[in-house]
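The chains carry the letters A, B, C and D, assigned in the order they are written, with residues numbered from 1 in each.
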Amino acid sequence: MGHISETRFRVRYAETDKMGVVYYANYFVWMEVGRTDYCKTVGFNYCDMERDDANMAVADAACRYIAPARYDDEILVRTSIEKLNRRLITFAYSISNAATGQLLAEGRTVHITVRKDGKTCSIPEPYFALLSKPQ
Amino acid sequence: MGHISETRFRVRYAETDKMGVVYYANYFVWMEVGRTDYCKTVGFNYCDMERDDANMAVADAACRYIAPARYDDEILVRTSIEKLNRRLITFAYSISNAATGQLLAEGRTVHITVRKDGKTCSIPEPYFALLSKPQ
Amino acid sequence: MGHISETRFRVRYAETDKMGVVYYANYFVWMEVGRTDYCKTVGFNYCDMERDDANMAVADAACRYIAPARYDDEILVRTSIEKLNRRLITFAYSISNAATGQLLAEGRTVHITVRKDGKTCSIPEPYFALLSKPQ
Amino acid sequence: MGHISETRFRVRYAETDKMGVVYYANYFVWMEVGRTDYCKTVGFNYCDMERDDANMAVADAACRYIAPARYDDEILVRTSIEKLNRRLITFAYSISNAATGQLLAEGRTVHITVRKDGKTCSIPEPYFALLSKPQ
């Protein structure tokens, strides 16, 4: 579980609010962008996992905001897995300003695997193996 | 086609941007809120139409911006049908400040009906009848 | 601090994702809508507080997801204050399906008051008095 | 006015809706991302232009949707200037699937320059020169 994926992108104007900084809910979108890249880093596309009828539904999400992000800042999201078993995955995120290195926020999301019918299920084998293999 | 539905809501902080006013893409979300209410006004829920495998996919969308909307303003969206046939619906929208009456924007969306498999289809009969009945 | 404000609105199509349910980050937007109404319930408009150079910046946000919300569901957000002092406010939210009463999510946001220049400050007196007065 | 900027990014899960494809309003966000890059391509950062009290407010926006975009698709936005004078800029966009080359949408936005006080103004000289210089 030592993998850390790195994702970089620029803050969109759409993501700012009238306070002049990024609106707080958008950090959770950035975590999702980080998760998508994390899955690629360990060897699969999350959309394939969904096609195999296993969705990582969010059960818990949290973010601690440390410093504001602004329009056109380059953002670096570092994503890792904090806990993993057949039924639960906890991702941890550090979100920083890529140019200055300043930490902007830290987050965490907990996911359960559910099928399209809403029933919970185990993480299907190939994905579980990829998520749990050591670095 | 003389129906006009009226929808009222307040501008969310999330909808503003660093210019201090509502971000331009959000007017298209407001048009969608107007369309949902329009369908109810003529007698059906759009989600039932989707359940009957007919989605109103957007083929064209346009908006003319006249004056800015701000956080917590009460918005009034007036939605009507401009053109309708078995394969195409054109909705027209006027978006105004409910308190002052000032016109903020005017928009238009053109929709084709598609099935879940992406194939175009006719608007199913009960919905077409409701959409086309006179006031 | 026994006030509870109630906010009702319908799920927008824009708020759903390809899983067919509301995307998880949007619950934080709903909490913001709840906060805006809470301030009105106790007697002020949040935009006036901002005009007086006091912004409730988010320091922490969390949500526990219990059941999914779907397009056009009527949502009820109940907002209350959990903790309050001159420098910190903690809001608590319960988000439920207004028709069925089912609890969908519970959330919490912690705010510090900052001026436009980014410096932290105390909650200005008239607002603090309104936020802290008993029911 | 022969410049064309190219912007690439992947579709976010947040950008999809319950139809399984990208929600129509998000294409206007992508156009904004294209505009930001266009400005860099000709030699300035749009945030500097805003700091000089000149905002490109949107007066008109339109999009024609040709084929759907899906989660994790790589998107290519090609941005160019269609018309330019001291008071009006028209950007044109072609949005395609970067992997297949398929055209997904074509858009257009018209901007007027406004100061923070909302008054219209001319595009300040250094920016106008950069926007109007031949390739």
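Here, a contact is a pair of C-beta atoms (placed from the backbone, for glycine too) under 8 Å apart; a residue touches a chain by one contact, two chains touch by 3 or more.
Owing to the predicted nature of the structure, the values given are computational and were not obtained by experimental measurement.
Counting every residue number used by either copy at the subunit C-subunit D contact, over half are found in both chains.
Among the other chains, C has the CA centre that is most remote from the centre of subunit D.
Taking the mean of the C-alpha atoms as each chain's centre, subunit C and subunit D sit 33 Å apart.
Separating the centre of subunit B from that of subunit C, both taken as means of CA atoms, is a distance of 27 Å.
For subunit D, residues touching at least two other chains, in rising order: 13-14, 18, 25, 29, 32, 70-71. Taken as a graph of touching chains, this assembly is fully connected, with contact between every pair of chains. By the touch criterion stated above, subunit B contacts subunit C in their complex at residues 9-10, 12-14, 29, 32-33, 36, 45-47, 70-72.
By the touch rule above, subunit A contacts subunit C in their complex via residues 18-19, 24-26, 28-29, 32, 50, 55, 57-65, 68, 109, 118.
Only residues 13-14, 16-18, 20-21, 23, 25, 70-71 of subunit C touch subunit D when the two sit together in their complex.
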